[in-house]
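In the two complexes that follow, chain A is the common piece, with chain B as its partner first and chain C second.
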Partner chain A sequence: MATLAPPVPDAGRSPSPAAPATRRRHRGGSKAGKPGPVTYTLLTLVALVSIFPLYWTLVAGSHTNAEIAATPPPFLPNASLFDNFQAALEQAPIGKAILNSVLVAGSITVGTVLFCTLAGFAFAKLQFRGKGVLLGLVIGTMMVPTQLAVIPLFMMIAELQWVNQLQAVILPTLVSAFGVFFMRQYLISALPNELLEAGRVDGASTFRIFWSIVVPVARPAMAVLAMLTFLTAWNEFFWPLIALTTANPTVQVALAGLGSGYVPQRSVIMAGTLLGTLPVLIVFTILGKQIVGGIMQGAVKG
Partner chain B sequence: MTIASGTVREAAIAAPPPASAATSPARPRKRRQLTRNRWGYAYVAPFFLVFAAFSLYPFMYTAWVSLHETSLSNINGGTWVGLENYRNLLQSEFFWNATRNTFTIGILATVPQLCMALGLAHLLNYKLRGRTFFRTVMLMPYATSIAAATLVFSQLFGRDYGLINTMLEAVGLQAIDWEAGTVSSQVAIAVIVTWRWTGYNALIYLAAMQSIPGELYEAAEIDGASKWKQFLHVTIPSLRPTILFTIVVSTIGAVQLFGEPLLFAGNGTTSGGASGQYQTLGLLMYQQGWSNFHIGQAATTAWAMFMIILVIVGVNAVIGRLRNRADR
Partner chain C sequence: MATVSFQQASRIYPKAERPAVDALDLEIADGEFLVLVGPSGCGKSTSLRMLAGLEEVDTGSIVIGDRDVTDSPPKERDIAMVFQNYALYPHMTVEENMGFALKLAGISKDERATRVREAAKILDLEPYLARRPKALSGGQRQRVAMGRAIVRNPQVFLMDEPLSNLDAKLRVQTRTQIAALQRRLGTTTVYVTHDQVEAMTMGDRVAVLKDGVLQQCDTPGELYDRPANVFVAGFIGSPAMNLVTGDAVDGGVQVGNAVLPVPREQLTRAAASNGKVTVGFRPEAVRLAGPGEGLPVRVDVVEQLGSDAFLYTSLADAPDDVLHSADLVVRTEPRSAVTTGQQLWLSTDRGAVHVFDAQTQQRVD
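So, the complex of A and B:
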């Protein structure tokens, strides 16, 4: 599912620098009082439930099969982790998959951010005939299920002999309707018309105006879009499963292949899952705060 | 639809007032408009080129394929069968089974999820110590891929050594063969979806809650409304557009549910369990096309999915509009 930015009552008018201030004001309102111990207990519980399956991946991936089947089951990581990593790497080309996923998600992110900023700017600030219809088209496609596109796409890449090649999963995902809408919503309020007029009066070309006026203003939203796009692209499942095979997989395709075929070895599957998830978890640990902010800002902006 | 209503609102704000700025002479102004005109297309062109090639054209082509008897091995040599595929689909037991499952799993996955997200957002809206920590941790499931989450949960829900059954037995209950039962397998799959999306939706709700003016709560407090009443009569009504939006988005996701049922048994079978007890429409479509090689049938199922989404979004839009009108 794509991450869409929902509308929020009475929001989205103020440019982003004002947003934190507004937030602080409301937090001071009578609504946001001091939380009691019950609140903290509930939140801690939810936090534990959110983390536990990931922690369990580590526990199960670091034991032998016999050890996890024991009663009571182990709750701490163990020494077999690297043996299991090795077995997982032998069963599925996870190393190659990670490299492929970095390439695929990286290309998609660059393309999406660039094309969506260009189009988002045009939809936000430029006048041209058919603009409303085109924008409606963009928004409408957010409802169309992926399933509706995969058959012709598959025929297309079969004809181009792209099956099992990375461009088959990069090109169709290179733009996103959500991205255009997201950038448009941001630029409408964040980019003052006067700034554009000033640029025009100074005789800057439209291209110059884009690079030296629009892009600097759009940068925070571009960063958010980049993070969300990378995450979505890394986790994309349906289309890569069709377009690629386990011979040249992305991480998700490799993970799907991990459980099938051989007599499934639970601990090896878990070790492989951990390997495939680790890169995102590391990125998330570093950028988590920004991603949280981005989703919330997107929610208010949309 | 909320997406659209958001656009309308923004469009109203953004609509440039060309008349009011008409202090400059008419001629240069007109020329400037023309330049803008040309450049607008240039800016949207890269997006629409990719978009047309890999989205628009495929959507149309899928409709065309759905009117043909086509197989993967014979991609271009399909024979025209008109609405035959649609008639077959409507008479197919598998289609109705998958439709039923998609609906039940969808409801099991969406309703508790959004209710919990709402409660969670309420808790997160307090002045918390470790606010960033809680928010970030709750978003971690969202960062975990469907494949990874499903592989882990299918182990946790395992019949013989699964942790959940171990815990059930430890408290004296009977172990459940999660994968084999209809209700149990659907609940388990709904749990995976709920785990991945609750935190994300909570953040969306939280953002909306923070933009509710504090004065509304102050007024309610003066009127002597309890915290619970404030939540019911101030928070929920203010969040209505956002709630409607998350319902629409979650529903669109639920109709397309694919990865979780595919990997739930661990081995990527497309049948959705021994008796198809958790086969969804997304899975059925994949089975028709890529296991049975009936591309025409798969295309028909894909269009049926789109129709279901359109109906649901339409119903939501109508409800939203009626409620809005009732408010005025």
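So, the complex of A and C:
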């Protein structure tokens, strides 16, 4: 169950990442809030722990099954990586799967960010009848477990003859209740009413105000939502496994078919996983900068 | 350019017991600079927002030029507004901020650039056209907000406390600049402030509001010299007018053991409701009298301002219920020899006494 996240500006200013630095300062260790060696050691440790699984995937993906099982296990990647890549690509249509996943996760991200920002703006700043009830309904849908919807959803998809087609996994997730609520919370605090009124006096229609004023202000939150949505969509397994077949899979569905045999070929699975993870890493590297930038901007403007 | 008129316009916020603006009647002439002034919460902003179309008009109507705009959205009213916090678009440069309305109006890029540049020149903003609002000082932001209004060349300027975020010195300077700019452009302007000095110095006419009700709308001079009721008398002027309420007696109003002289005819009419009369006189209309003449007072505080001095005094022998406000303020020569605790006698200039019916609070002439 998704918990209700606090609005982003608060999250951005929350003191947790800076806490070690603050504590040091109180002990009088270093000058004027500059992080000391303790901070760096802690950060390095956390970074190493977080990056290790990815590194292990690389190491395991570049050895044979037997080599991984040896004691001590190998600690450096080696050149068999490309053989394992090849094996993975032969065993499952990973190329097609990546393309499908990019399409699916991309469409879901664009749709979710667009619709959630629109709805979040409406709930945050527009006055209309039944607003409270509608918002309650939206939040209410977050409490319905996805598993409950699977059977009716599958029946609808079957009715539409969409089984094994990408729209079957795209359309049901084009908007999320969490995203609507998240954008609403952000816009309530980040978008002053005067800005909208200035827009109206300047002669802008509500739609124009949305594009020219709301979207630029909402950008940091939109980037966060985009990243979360993309990751969720990329990693989604349950519904795509039901709606698609291994002939036209997303990455997760394709990976499920990898290395299956009497003895699972772990090195091939790892190599395939690495291939399937790369696009996400790329997206994160691009958006990550935006997000940090957005949060910093909001905090400095204060 | 256009006239503006409020006709019995009222605004009742949902769930409020009384109107925030109550049957406002106001005629603003073409090219006039009208200031709306009053204490906090009196409905100044609400009135302005009703005129802008940002607030509904529950009863009555609003006319700009010869067009009834009561139900028109803001964009059809041809007005420009300067907000208290400026409300500049944070992601647009100064140039884009100023040109946004023109862009929406479908004006060509070249003309937009020309008009923005013209306005920027008037407001000394040329070096900052490419900057974002974040990178400007408070005074510069204020000027951008002004610029955004003037490039549009609208029928009416609306300004809601545009100077309240500036420091005192800049406020005085900008005050004169805005007034001069308005005279030069000749655009009808409605200006909201809670600062009566701003109101008096900038407005052609000043409308004083209290609790959503218009008290008086007149030129600054008239407002000062002939306040229509006790509220306006006490609100306009700094330090405020001295207001004393007492029983009407033969020849004047009983204040403590002394009698403030009031012309007989005025006194009779002012005392008609309940026999009590409120008398007002400004600090500068008070003279020091010889011992034993006029009102006996004790000096509590002496305030030296350099150009003049103010004595804050209280009645020497007054029972507590006599005074409207505890103090009587007197303006004297600077560096006078008066000291704290000293006993003085005050008399008022003939003809400088304002008389009000204590019951209705209305002026009696």
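By definition in this document, the second predicted complex is superposed on the first by the 228 of 302 C-alpha atoms of A that agree within 3 Å, B and C clash if a C-alpha of one lies under 4 Å from a C-alpha of the other, contacts with A are read in each partner's own complex, and residues count from 1 in each chain.
In this section, a residue touches a chain if its C-beta (ideal position, glycine included) is under 8 Å from a C-beta of that chain, and two chains touch if they have at least 3 such contacts.
Nothing here was measured: the structure is a model prediction, and the numbers come from that model.
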| Which partner, chain B or chain C, touches the larger number of chain A residues? | B
| Now for A:200: first (chain B), second (chain C), both, or neither, which partner does it touch? | both
| request: Classify the contacts of A:79 with the two partner chains as first (chain B alone), second (chain C alone), both, or neither. | output: neither
| Just chain B (first), just chain C (second), both, or neither: which does A:251 touch? | first
| Which partner does A:134 reach: the first (chain B), the second (chain C), both, or neither? | first
| query | Should A:145 be classified as contacting the first partner (chain B), the second (chain C), both, or neither? | reply | first
| Does chain B (first) or chain C (second) touch A:53, or do both, or does neither? | first
| query | So, A:208: does it touch chain B (first), chain C (second), both, or neither? | reply | second
| request: Please write out, lowest number first, the residues of chain A touched by both chain B and chain C across the two complexes. | output: 200
| query | Which residues of chain A touch chain B in the complex? | reply | 1, 3-4, 6-13, 22-23, 25-35, 39-40, 42-43, 46-47, 49-51, 53-54, 56-57, 60, 68-69, 71-73, 111, 114-116, 118-119, 121-124, 126-129, 131, 134-135, 137-139, 141-156, 158-159, 171-175, 177, 180, 185, 188-189, 193, 200, 206, 210, 231, 234-235, 237-238, 242, 251-252, 255-261, 264, 266, 269-270, 273, 276-277, 280-281, 284, 288-289, 291-292, 295-297, 299-300, 302
| Contacting residues of chain C [partner chain A, same complex] | 52-54, 73-75, 79-81, 83-85, 87-91, 100-101, 104-105, 134, 148, 152
| chain A residues within the chain C interface of the complex | 192, 194-195, 197-205, 208, 212-213, 216-217, 301
